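Structures follow.
The two complexes that follow have subunit A in common; it is paired with subunit B in the first and with subunit C in the second.
Up next, the complex of A and B:
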């Protein structure tokens, strides 16, 4: 019984991390039609900023803020300098962010070194849940993910800003004729997505190590979740739980490599079995 | 002058005259060049962007390495075979999953990207087979038993294979298959409506280029005699993408020469700069994507004499008129019947239980205020959108639930509102693709000569539009009215039982529209398809319509001759304030 509870909590906390990363990816995909291959590197920027903030003695909440801000600034710069010019062509936007990811990894590697950094855990210790001692930090992650999703969904669906953003997502040119400045909103969305990545980067910091190519550890799962969820933000949650369940159980019982292949196969099956809603263009 | 590319065969001969070191580089770089050309073929020509090229290359290298080291040196031949089959097989599975009818450009690129991420890690972790970080070394060169090629002879063989592959790709790009690929890239929906099996085209090119890349990867391993995870990783994949983009992905020689040139220019740099090298690659890549996405190759093509790149001439003949098709069927003449057609966009119901019937040779005009669902009817009937329910058939041939290209093959032809012909093909090539679409699978297109026979009615339209004298002209050079005529001719190029026309007169002058009206009447009389026309031009409707159906709010409001419908009070009410203003 304890094993089951432990496993369920592990799956939930993995799903929480993965879904927050996927949330950042998902909003640029859903709202801007852009797949940001540099998302994992925005995470890395956030994690580095938090580590360095901790190193100069700032308290954890300020480190969190520093991570979010650093990623947001890098994201905004990337949007203005590169991504903005590539919206008209999906292939160039993919390739542009892909090149950006290499520049960020290598840039950090060259300037800050390849070495592993470690960030301290703000909530050390364990707490008893249904008779099982479980790390507090991982429970906090689950709560944080739930709150984040709630905030983003409310922002998009219940505020004027959200309505404008969705109008730009549906048809940027049309929205401009209504007086909405879509280039500004795209900047806002891309920056917000980068900030979310930075936040996720700070959050995963204490779970592993911080290094230039750390994004690759997490981004695989996040991409698979986005593939499964399609362009829906709400569907990210069940997709994250599904992928985390398969990945955790198979890693534990079989082999991490088999787990990777398994989630890949699931993504392909979902892709194949996708039934579009009636009325949608099929070709 | 078009045979100039055979000069490329001089490249392998270099290996005979330069030192061992440089001949080895010639062999390696030629292989990398051909890899870039293969990527250009699937991405630039067929429009399938993916990151699988580096996985295919790495899988090929690893299979040759593993088989040669575990089964003895001659195992490398088996390894090469496995390289081709394995990469082709994996590509086929990926293609089935991602390039089928739910194909999304972005999603497929992402899926293949994820595959690269996974495989790179697997190559590191699956130490028993891949040797982990250390990779596999001491892979033998090509040869049998104890007899092995020297380094420079091995390079000569590799460079020859690479050059022949590029020449083969060039040939492929000029066959009807290659031309159809370009049309599928530019107008997939249109090609589907012409009966082209679009998913099969995409999957075939993806599998073909991947398998060939696997072969190249395997050969590459016999030259370097070493495979490591970096041969399957993203960094290497980036380099290939950079060469392909810089050389122009819409050419084949461009990426090939770019890869060789850039590699020679930077020989040794990657080893001495290590981390900075990747950083520079990344920056170059971003700059290319941002400022030079077309690459240098297209510049070169532009300054070449235009006769060097003239498209092949298409021999267009007029088919002998057929006996009316319905006469062949005994008993009652078959009709085109639509029953209870319903379509919803999300929760918004656009069509509700629409029923229509059209006899061969009859022209039915669908009219109605904007938003009544006229175009939706045509989109639903040609399966461009998914229907909620409904059945439609010609005689006993059922159409519902089939894909667009199958419907087209079964004799339902469609003309879109906006001409969506492939503009970088000639008039003749466009017609040829329309003729072959419903008839040939892609394999047949490989050997097909540029000769077609089109229906007399299509020929008549070409003449009316003055296109019969412009068969070798690029479609991009035609006027809007001429493009409309070409599109109509393409819809009629094969015999068809049902013809759907979506605003055929849109954007035409009054004279052109009048010519079109008499053509539609003549075609219906002579070739006897069942014709459904959606049109706003009331003058054209009055001329061509045998019967008019008025749609409103997704249902049939009224039906009858033009005069009857015009006199109907309900129709006047529906139209007043909308169409009445337009006249």
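Up next, the complex of A and C:
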């Protein structure tokens, strides 16, 4: 029984991290048609900002805020300078954001160095959950992911801003005829996505290390989740849980390599099975 | 009517910037730190290719520094056969294809008399054809899984078998435990290491209760940690490398199976890794390696003093990954002096069997071009302190291959 509870919590906390990363990625992909290969680098920016904030003695919540803000600023600049010009073509967005990711990684290497930075755990220790000792920080992650999804879904579904964003996502030109400035909304959405990446970067810091090329390790799973979720933001949650379940259980019972392959196979099956047509966005 | 998007200017700028950064990252650095001016016709050149810009720069940077120090000391003592040495450094950026280019440049353009390459084994293999054509000695002075032998290839650092053979029984005895869990990244070095580990554990009356390999770049170790916890392992032998080390150890510590609960014996965590882990996580880890900067021998004290004098107190720690660069350049210089020649056959004849007194203890290169050397069992204890548990001298590398 202890093993079951431990596995369930492990899957949930893996899913929490993956879904927060996928949330930012999914928002730009599904609402703007931008495949953002620099998403992992926005995470890295957030993680660096938090470590430096901690180094000058700021408490963790302010570090979190610093990470979110730093990534949002870089994201907004990237939208204005690069991404804005690529909306007409997903292929160009791949090339443009890939270039951006290289510039960000090398820029950080040149200015801040290549070494690993240490991100300490703000909630060390474990707590008993149904008789199983489980790291507190992992539980915080699960809670944080749940709250984030709730906020984003409410924002999209129950506010005027959300309605406008969905209108631009469905048909930008038509929305313009209704008096909606789609370019301004795209800037808001892309910046929000970068801010989410920054937040994710701060959150994963204490689980690993902070280094210029850290983003690449997280992006693979996040893309798979976005693919499985299809044209839906809310479906990112079951998709993240599905991927984490397969990855954790396959690793536990069979082999980590097999687990990684299995996740890819699931993404392929979902793509084949649903044969969705792009366009309509549900949230 | 559709308005043509004006993407071309910013995109071209971004691409150009990316290309520039990419190029600067793999650029070659000529004449790194040599005393003789570049192009000095009288100087004898040796080549060093290291990773100064990629993931391996934590090894490459001190590797380059100790090479500069070795060349400086050799020159101060009169050079080699009356000739001053000049070190030519080429950055490989951690990539095999760049290593090949770097080796080609060093061999063909700089005409180096010997090539030293403390790089990953894929990069070593990429440089090999170039070195064979040039008919010069090729020194591989960093930790290696072994298994590759050639008349021109001298692998002078520790192999996993050397690091594990003597240390496993001692750790079992000190801890009074025998059940091991083996975990490594999924590539040749960890697999070879853990294969050797299994042999020595069983020979020492221990038992392997679990073995797992994770892909490089793993960020979530929870499932593996659950596996370790649900086995009845009492000791852990992790050959997890690079960034994965920190992720694995942090998560294991948080999940209640840190080294304080489950003692580790490692062969790949060096001083830099331990610093990245922090002293709480590092506590109770045993390391079996050929070198540590805190070794208390006259040779090492002199070396550390010279290193600190030249590069300052904030210079990166020299570890078993990089010290053999220093030791090997010195050994090569002695062999050239003995042989009176830099030709491969002459150097090989002189260097095999030559006993070298180095900061890492006595190093003797054997017939198969691997080295017999000392292994130190070090324990990290409270407060980031180190305890030198035991030193094993003259540990012989296994004959996994031979030079015909």
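Throughout what follows, the second predicted complex is superposed on the first by the 274 of 283 C-alpha atoms of A that agree within 3 Å, B and C clash if a C-alpha of one lies under 4 Å from a C-alpha of the other, contacts with A are read in each partner's own complex, and residues count from 1 in each chain.
Just so we're on the same page, a contact is a pair of C-beta atoms (placed from the backbone, for glycine too) under 8 Å apart; a residue touches a chain by one contact, two chains touch by 3 or more.
All values derive from a computational prediction rather than experimental measurement.
Given the touch rule stated above, what does A:37 touch, subunit B (first), subunit C (second), both, or neither?
first
Quick one: is A:92 in contact with subunit B, with subunit C, with both, or with neither? Answer first, second, both or neither.
A:92 sits against subunit B and subunit C alike.
With both complexes superposed on chain A, which partner does A:116 reach: first (subunit B), second (subunit C), both or neither?
The second partner, subunit C, only.
Which holds for A:261: it touches subunit B only (first), subunit C only (second), both, or neither?
Once the two structures are laid over each other on A, A:261 reaches subunit B alone.
Quick check on the superposed pair: does A:53 touch subunit B, subunit C, both, or neither? Answer first, second, both or neither.
neither
Touching A:243, do we find subunit B (first), subunit C (second), both, or neither?
Neither subunit B nor subunit C is touched by A:243.
Per the contact definition in the header, classify A:102: touching subunit B only (first), subunit C only (second), both, or neither.
both
Pick one for A:227: touches subunit B only (first), subunit C only (second), both, or neither.
A:227 contacts subunit B only, not subunit C.
Applying the document's definition of touch, where does A:207 land relative to subunit B and subunit C: first, second, both, or neither?
Touch status of A:207: second partner only.
Show me the subunit A residues, by the header's touch rule, that subunit B contacts in one structure and subunit C contacts in the other.
Common interface on subunit A, subunit B vs subunit C: 82, 85-86, 89, 92, 95-96, 98-100, 102-103, 106-107, 109-110, 216, 256-257, 260.
If we count contacts the way the header does, which residues on subunit B are in touch with subunit A in the complex?
Interface residues on subunit B, with respect to subunit A: 43, 49, 93-94, 96-98, 100-102, 105-107, 109-111, 113-115, 117-118, 121-122, 125-126, 188-189, 192, 198, 234-235, 238, 241, 245, 275-276, 278-279, 281-283, 285-286, 289-290, 293, 343-346, 350, 383-388, 403-404.
In their complex, what parts of subunit A are in touch with subunit C?
3, 6-7, 10, 13-14, 17, 81-82, 85-89, 92, 95-96, 98-100, 102-103, 106-107, 109-110, 114-116, 118, 120-121, 124, 126, 133, 135, 137-138, 204, 206-209, 211, 213-214, 216-218, 247-249, 251-252, 255-257, 259-260
Hey, which residues of subunit A end up touching subunit B in the complex?
29, 33, 35, 37, 82, 85-86, 89-92, 94-96, 98-103, 105-107, 109-110, 216, 219-220, 223-224, 226-227, 256-257, 260-261, 264, 267-269, 271-272, 274, 276-283
Would you tell me which residues of subunit C are touching subunit A in their complex?
These residues of subunit C touch subunit A: 5-7, 10-11, 14-15, 17-18, 21-22, 24-25, 53, 55, 57-58, 186, 212-215, 217-220, 222-224, 226-227, 230, 243, 246-247, 250-251, 254-256, 276, 278.
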